[in-house]
Amino acid sequence: MSEQKKNNYPKPKLVPVPSTNIIPERDVDKRPILECRHLGIDFGGLTAVDDFNMAIGRTEIAGLIGPNGAGKTTVFNLLTKVYQPTRGTVMIDGRDTAGKNTIQVSHMGVARTFQNIRLFGNLTVEENVKVGLHEHTKYNAVSGILRLPSYWKKEREAHEKALELLSIFDMQDMADYQAGSLPYGAQRRLEIVRALATKPSLLLLDEPAAGMNPSETAELMNNIRKIRDTFQIAIMLIEHDMNLVMGVCEGICVLNFGKIIAKGTPDDIQANPAVIEAYLGKQKEG
Amino acid sequence: MKKKVNKNSLNGFINYGIVVAAYVVIRAMIGGGMVSNSLQSLLVPACCYVVMAVSLNLTVGILGELSLGHAGFMSLGAFSGIVASIMLQEAIPFIPLRLAASMAIGALAGALGGAIVGVPVLRLQGDYLAIVTLAFGQIIKNIIMVLYVGVDETGIHVAASSDRFVLADDGVAIIKGPMGAVGVTKLASFTAGFILILVTLLVVQNLVSSRAGRAIMALRDNRIAAESVGINVTKYKLMAFVISAALAGAAGALFGLNYSSTVASKFDFNTSILVLVFVVLGGLGSIRGSMIAAALLYVLPELLRSFDIAEYRMLIYAIILILVMLVTNNPTMKTFFGSLLKKSKKKKEGAGA
Amino acid sequence: MSFLNNVITGISLGSIYAIIALGYTMVYGIAKMLNFAHGDVIMVGAYMAFFAMGRFELPAIAGVLLAVVVCTALGIVIERLAYKPLRQAPSLAVLITAIGVSYFLQNGAQILWGAATKTFTPIVNGTLVLVPEQLSISYVAILSVVCCIVVMIGLTLFTTRTKMGKTMRACSEDKAAAQLMGINVDATISMTFAIGSALAAIAGVLMCSAYPVLSPTTGSMPGIRAFTAAVFGGIGSIPGALLGGILLGIIETFGKAYISTDLSDAVVFAVLIIVLLVKPAGLMGKYVPEKV
């Protein structure tokens, strides 16, 4: 089933030239959802990310891989403005994010999960999702305190929407559990649901399969595709599990020492000598 | 371990029920002549401290930021409430209404103070934030200590020293610097305190189980994640602070209008700490805990006065405060006491069966 | 001349604040906690010196020594009993515990020694007259400044030159890594509390010599002011504590002289708030954002 689905999508070619990706054919709108140009950041004297160029189509699943400390999470932090870039631009849906903060970027349609899970541990699973729905179930604090009709209406909407979103991962039954008490895998899934609740057009997943067993990883792989198909959004993921990356990503970008060393389809990347060198080290001559 | 969380609304109704029941019982006891005068005089301040504790819990337990200046907002509310009650003497002759108006003005003054504290709050976190709230509490106390306020036929007069404080012959001095507010008409009543507690519960409980409350708790649990889903940190921190300060202001107004005179030093750092003790002992984030802890711990030492324990009161509080923190936060002690609790529960169940 | 007098008063008061602030800053640097009870350790130190000199009529130096020994022990005991079990706890819990310890010391002192204020006998008397009837410096003020300089130089040398000082710095950077390198983190933290408390004892004696009233709450306001100084200078930084202490002493003295005696606290705290707004990590502190 998953194999079939995977073959249904044409694989986009990534060319190592700034923002000239071939957008997937299914994307009616050919403008990329995310476009990074010469993105870079220095911490003190250290250049963590440099000259990062990448574009992602509207319904593309892209992977960001590289050895530990290559700067992958830093890229996510730059995209979500946890760090302000030292150089370069990030365009979301054609709009420049210069001067924007994390909150504004979230409102522009970028959602993310975190490498070290960051849930609202004392809230229930449902409340976690409802916080994600914050921008889409608007009523003011006064109607909340006075329980005006808008409160009841919007809360019911939020409740239904939250359960619907949780059903993606079959988590409706856990709605009333405390998020911090969930098992590890469920916490990771809840983080994804919470991110989806913000109605993103670009979803950033930071090591979604970390700590998962092979069967959970396989399920996650299906779910990532399912999410893309259902919500018609772009997904970018950082992952060390190569089966997952090669199986689900249509375009892959390899980062080493803060620089892109290769871009292309899974097949290209697997055959790329620079990538093999980065992961395994240079082969001794002779 | 999965844990089912109780529905907020049920919990809320139980809290209203406790307050109403307590009011009815105490009223009946007063009617039956079972409550001594000295104990009756504690009812209004006890109500005020309950409101103080619940409102501080909003900042410390729900928002997760330590405030060491909560008494400052109470002070703002007390003195502005006193001034308002005297200014409104002729405009609103009906006492309950004048009291309500004065408390509303006290709440407004508290909210204003909360907003002013809130601005630095937006930039600071953790211990630094705690220190700023402490500093604000001290500044408020300090300023009120040198403030002179009075009314005469030309209107309200405010001065920062006694030399510059000039009133017409028929004028009334309301706040006299270090002497505080004097000649206050006592308007406060137990019923007013009861209503204020209900209003406080309504505001805090409904806030917590609404969109804004979830945003505030999300900030507490994980600020970075909250930002990542688009929660406006500034707005919700400020909201929690201002609401908490407004409630403290209303409590302050009621407190101030319960005595014929009030001095600013009554609302010092010690008062802030006392309220913090109530909140911590009642359980951070637990509104019912704050309520019960405040009521009991305020009234109990007064009841025990005959046992000569007053001297040891703060010492005992200090020890309890340290022990509660150790028991609830040290992993070894937590499991130890947790297993004790389980054992006693099992015993109870066994006995019941 | 009154201006110069104020500068001198400010610097000597500031020196005392700086010595107290060092205790806050060192403990914060290493244990990442605000030791609220530090101010009350000052009070205990002052009482010790008071009893030694007043009741047992020992010489001043013995009084100071007794204060230092008792406070050092007190600091270690407090750390072991109240703070050590909370090493992994959220900072809010630790801060509330510290407030509890502060109240414990204040109220314990009140029960043991009574709430009434006592008159402290200064350890040195007299003033050095520079310009007759216009400019003079009390010997206590000179002693305070000298103590502050000696302490500051001593601590700087200690943290940069000695092995123990280096372990302290290592622990403040990264406790887990320090532990892996074979450093006894618990012992290092205990030592930091010991040093901070010993300094508090010295500061207590100096302060009560300069302002000779002693009561169970003597330590709390200077403690809060000195903490302000530590934050002002950038908490965790030793030169920051010196700078913050001296500046705070001068601001307080000038606030009293030129604005209003009653408002001096308000002025001090207003300055603190403004500094934190402009530089959230203080004048010499470095701001470390949370890692994502």
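The first chain written gets the first letter, and so on, giving A, B and C; residue counts start at 1 in each chain.
Just so we're on the same page, contacts are C-beta pairs under 8 Å (C-beta built on N, C-alpha and C of every residue); 3 or more make two chains touch, one makes a residue touch a chain.
These figures come from a predicted structure and were not determined experimentally.
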Which chain has its C-alpha centroid at the greatest distance from the C-alpha centroid of chain C?
A
Using C-alpha atoms only, the most centrally placed chain is B
Rounded to the nearest Å, the gap separating the Cα centres of chain B and chain C is 32
So, what's the distance in Å between the C-alpha centres of chain C and chain A?
49
Between chain A and chain B, what distance separates the C-alpha centroids? Give it in angstrom.
44
Show the residues in chain C shared as contacts by 2 or more other chains, in ascending order.
292
Could you list the positions in chain A whose residues touch two or more of the other chains?
82, 114
Would you please write down the residue numbers of chain B that are in contact with two or more other chains?
224
Using the touch definition up top, name the residues of chain B that touch chain C in the complex.
60, 64, 66, 120, 123-124, 126-128, 130-132, 134-136, 138-139, 142-143, 145-146, 160-161, 178, 224, 269, 273, 276, 280, 284, 311-312, 314-315, 317-319, 321-322, 325-326, 328-333
Touching chain B in the complex: which residues of chain C?
28, 33-34, 82, 85-86, 88-97, 99-104, 106-108, 110-111, 220, 224, 227-228, 231, 260, 262-263, 265-266, 269-270, 272-273, 276-277, 280, 290, 292
If we count contacts the way the header does, which residues on chain A are in touch with chain B in the complex?
80, 82, 101-103, 106-107, 111-112, 114, 118-124, 127, 130-132, 134-135, 137-141, 144-147, 151, 154-155, 158, 174, 176-178, 181-182, 194-195, 197-198
Per the touch rule, the chain B residues reaching chain A in their complex are 1-5, 202-203, 206-207, 210-215, 217-218, 220-222, 224-233, 239, 285
